[in-house]
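In the two assemblies presented below, chain A is common to both, partnered first by chain B and then by chain C.
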Partner chain A sequence: MRTIAPWLALAFAFAAAPMIFSSGSALTTMSLMGVMIVFALSYNMLLGQTGLLSFGHAVYYGLGGFVAIHAMNAVINAKLGVPAIVIPLVGGLAGLGFGFLFGLVSTRRAGIVFSMISLGLGELVSSSSFILRSFFGGEEGVTTNRAKLAHFLGFRFVSQIEVYYLIAFWCFVCALAMYALTRTPFGRMCNAVRDNPERVEFIGYSPRMLRLIAFSFSAFFAGAAGGLAAIDFEIMNAQQLGAQQSSLVLLMAYVGGIGAFAGPIIGAIVITFLQISLSDVTSAWQLYFGLLFIGVVTWAPGGIAGLLALHRQALRQGEAWRLAPAYAMAAPALAACVVGAIMLIELGNRELALERSEGSAMRLFGFSVDSASLAPWVVAIFLLGVGLASMRRLWPGVESAWGTVNARLLEKAA
Partner chain B sequence: MLQLITFSTLNGVLYGMLLFMMASGLTLIFSMMGVLNFAHASFYMLGAYFGFEISRHIGFWPGFFVAPLLVGALGALVERFGLRRVHRLGHVSELLFTFGLAFVIVEVVQMVWGKLPVDYRVPPSLDFVAFRLFDTTYPAYRMFMLLTAIAMFAALFAVLTRTRVGLVIQAALTHPEAVAMLGHNVPGLFMLVFGAGAALAGLAGVIAGPALVTQPGMADLLGPILFVVIVVGGLGSLTGALVASLLIGIVQTFAVAMNGSLAEILGPDAPPLLGDLWQVTIAQLAPVIPYLLLVLVLIFRPTGLMGTRES
Partner chain C sequence: MTAALQLVDLRKSFGATPIIRGVSLEIAAGERHAIIGPNGAGKSTLFHLVSGRIRPSAGEVRLHGERINDLRPFEIARRGLSRSFQITNIFPRLTVYENLRCATLWSLGHKYAFWKPIDRLRDARERTEWLMDSIGLGARRSLQAGVLSYAEQRALEIGVTIAGGADVIMLDEPTSGMNNSETEQAVALIRKVTEGKTLVVVEHDMSVVFKLADRISVLVYGEIIASDTPDRIRENAAVREAYLGQASH
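So, the complex of A and B:
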């Protein structure tokens, strides 16, 4: 029951989401989130579960998408009765094929060498995309029209809501399959390869073979995500398999948390949401992404899921109240840091990048300020300085509160 | 033909030496600290932009000397206050830290200097023709770049083999624990090497900025090739980095100058499904060549050309 409950909740959330967020833009966002959840989960099969840090995972997403889109066009031209719902499988199989092929080259070693080969293969494929124009469609990419596909049980998958449910269905199936994989002996062996490849060899397994299988599976799900994207966008271009997309999936998985299965799901939802909403608010949004990533790497290597898991245990054991005073003290300091930093970035962005075109008057946290005047800068630097200084003083308090909580938890466990 | 070979060789060596200026720092940092610095090409870009900014206000020459020092100082600060903090979390966290840093640097550069290329020019004192060969002129600035790169190579070699610090660095490459136990300040050494590596990359940026294009995408263009260089050369091997830099520099420069395609050699009729491949010229293949080389080297010689260790 304890393993089934979260999945029922997830299925319910997928089904009910469009009833709560029913606007057109919300549906588009949620469809994208579904695609990205599959993509990020497939990435974490490598990074979190097998310990392979890839810088070229978008290759399998993109190639899956391209093959899917060509398959859709071929099906339409030949008037075959293939509905849209099977297209993600085509993408997945394409991902599997390319993943096996490139995996033969790249999984011979783990660690830095693997990362470098994945980076090289990523660059290789994305620079070939400008050479093999008939497959990748050059700069403008390849388009299709999902409305011309055959219908399935009366669904034509033309409107966004139908596409959303198609993506939600596949997202659920893929997530469940990937979770099931982690529970198999194979999934356990992947963890063993991540933690200690030498011992894996001693008990008679080939780490290389395990890495290759994990890599191929991961590429399969990445390809399926690409197939979903092909249905959703009805266009694929070279950007989808480039370095930017590969960095994005790393960002999602890591910020969400690579240590927990649900981490990449959280990451995909949060990052996609931020990507869409932040870019409306500020033109410096990519800078915030970079800083967020550095912040997570430095201070919360477990990601959002890691932080949640940490607190959940304390909550369950009824020890969380011990943290409250220290948190209450540190929260205003943290808020001052964040607000000060955001103010500085926004003022800097206005003064350096936008001042010439849009003038120096701007709105910041609901106030009208002039980035050419001194006052907002003084406030920003003051907030950041005071925030940083008080964080330095208050942090030991938070740490000692955690020390007490951990000691109590250990006592209860014993 | 002779003309093509002469100039392509010159330009190839120049490009290769430029790559080596960055790859040397990158491979030194990697072999000492185990950190693959993704932000290394960003330091190169910062060098170009700092050089541009200083040349705009004071002149090219002050920029030539000051900008690398600024970049080096910045690198040292990054090591002291960023990387050292992440160090306890392991090498993957360190690598991801520099990955995020590269992202942030690009965004800041775009914010400060805009998304379009800036007008970073060759200084008038170097803007003349160095020599004329087969009716083609060769600009003096390129000779200056080549000389700078060679001078830097000689200086690096001298420091590493002739000075006390250099010997300690060499020792720390293979036996960091033993060096620490002998009482040397290894964290301080890390900061020094990281800063010096960043300064070298900055110097490469200052001299490459006017010759190539100074724009926010320059780090992303060069970064992956740098990794190819140090992996092909063998991780942690300086000689390997030199050989791989020159190899990639020369091969890529020659490829750009060539126009042959399969259609020219085997006739215009392409077999089905291979139409694109038939029409591709060698020049168009140039951007792909380093990565093909990487894959081939890793298949047939996983340690790289001169490397001794696998990871």
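So, the complex of A and C:
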């Protein structure tokens, strides 16, 4: 029951989300979130579960997407009655095939060797996308028209709401399958090979075989995500399999938390949301992503899921109230840091970088300011400075509150 | 009868430096065999050669009469030879229970199965429960192995080693770093869990060796200078000079 409840909740959330967020742009965003959830979960099969840090995971997402889009065009041209709902499987099988092939080369070793080979393969595939134009479609990419695909039980998957439900369906199925995989002999041995590949050999397992199977599965689900993207966007281009997409999925998995199964789901939702909403607000959005990533790596290596798990444990044991005073003290200081930093970045962006041509009048947190005048800079530096100084003083209080909570939790456990 | 484990003129050099210089040894099935020797004698290297972690430069290792020199460690493990490590070598982020269960899987035939829910495998569960009782870590089952105390990790190390039901068990200094009462418990544990199996053990603690072993081989500078019953080894002049005498200074 305890394992079924979250899945029922997830299914319900998928089903109900369009009723709450029904606007066209919300549907587009949620569709993209569904695609990214599958992609990020597939990435974490490698990073969180098998201990393989890949810098080229978008290769399988992209190749899955390209094969899916060619498959769509082929069945449309040949008038085969193939509906859109099976296309993600085509993407998945393409991912599986390429994953197995490239996995043979890259899974012999873990650690730095694996990471470097994944980076090399990523560069190899994305540079060949400009050479093999008939397959990758050059700069424009390859397009399709999902409206021409066959019907399926009366659904044509033309409107965004139908596409959303198609993605939600596959996202749920893939997430469930990936979770089930973690609870098999193979899944547990992936954790073992992550922890200690040497010892794995002495209990009868080939670390390389474990990595290869994990890599192939992971590429299958990445390819399925690519297939979903092909249906959603109706276009695939070389960017989808490039280094930027590979680092995006790493960012999602890590920010969400690689130590928990749900981490990448959270990461995919948060990062996709930020990506879409932040890029409307500021042209420096990638800088914020970078800062967010550095912040998580430095202060919350367990990601959002890790932070949630910590607090949930404290809440359940009725110890969370001990944190409240320290948090209440630190919150204004943290807010001052964040606001000061954002002001500095935005002022800098306007005065020195991308948006220089826009002139110096701008809006910041609802105020009209002139980035060429001294005042906003002084305020920004003041806020950041005071915020940082107060955080230095107040952080030990947060730490000692956590110390007390942890000690109490240990007492209760014993 | 073929020996459980047979070494034939086994040699290993690292570069120009010979570490194992022609070791021949036969260990009968069911025998408890200890290998002793001063530091740097090559005891751990010998273990690595037998278990496939490193390959011999020359000579042969036979397990139940079959040559295993060229096999990978996991292939040797699948043939029923299992070893522990001098420096604890477990899965630190897995729970105690999961450490043991993972170590049972191959021998129970579950291999790389990705279609079977692991919690429904009755044989793995029963064997894991039995192991956990045997090594006395029942109360620690849900803890991450990395947070166990040193002695507990050593016990888990033995548990992981015997989990697959191997009939040849090799333990590399199983009691190193333990205090007296922990050592005593470890010896009792080793006795219990290796009942009816072939045991090869490297050990520094002479009291452990004399309590545990049916036969003792003395390894000095990569050569076996004596291989006999504990009583005779105690009386052997060469051994006293090379090793035991040295230890009593």
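Here, the second predicted complex is superposed on the first by the 411 of 414 C-alpha atoms of A that agree within 3 Å, B and C clash if a C-alpha of one lies under 4 Å from a C-alpha of the other, contacts with A are read in each partner's own complex, and residues count from 1 in each chain.
Operating definition for what follows: a residue touches a chain if its C-beta (ideal position, glycine included) is under 8 Å from a C-beta of that chain, and two chains touch if they have at least 3 such contacts.
Since the model is a prediction, treat every value here as computed from it, not as a measurement.
The partner of chain A that touches more of its residues, comparing chain B with chain C, is B. Of the two partner chains placed by superposition, only chain B is touched by A:120; chain C is not. By the touch criterion defined above, A:331 lies against neither chain B nor chain C after alignment on the C-alpha atoms of chain A. Of the two partner chains placed by the overlay, only chain C lies in contact with A:204; chain B stays clear of it.
Once the two complexes are laid over each other on the shared chain, residue contacts for A:315 go to neither chain B nor chain C.
By the touch criterion defined above, A:186 lies against chain C but remains apart from chain B after alignment on the C-alpha atoms of chain A. By the touch criterion defined above, A:9 lies against neither chain B nor chain C after alignment on the C-alpha atoms of chain A.
Contacts of A:74 after superposition: neither chain B nor chain C is touched. Overlap of the chain B and chain C contact sets on chain A: empty, with no shared residue.
On the chain B side of its complex with chain A, the touching residues are 36, 82, 85-86, 89, 91-93, 95-97, 99-101, 103-104, 107-108, 110-112, 114, 220, 224, 227-228, 231, 235, 275-277, 280, 284-285, 287-288, 291-292, 294-295, 298-299, 302, 310-311.
Put simply, chain A touches chain B in their complex at residues 53, 105, 108-113, 115-117, 119-121, 123-124, 127-128, 131-135, 243, 247, 250, 254, 284, 286-287, 289-291, 293-294, 297-298, 301, 348-349, 352-353. Contact residues of chain C toward chain A in the complex are 51, 72-74, 77-78, 82-83, 85, 89-94, 98, 101-103, 105-107, 110-119, 121, 124, 160-161, 163-164. The touching residues of chain A, when paired with chain C in their complex, are 180-181, 183-189, 191-192, 194-196, 198-206, 209-210, 213, 217.
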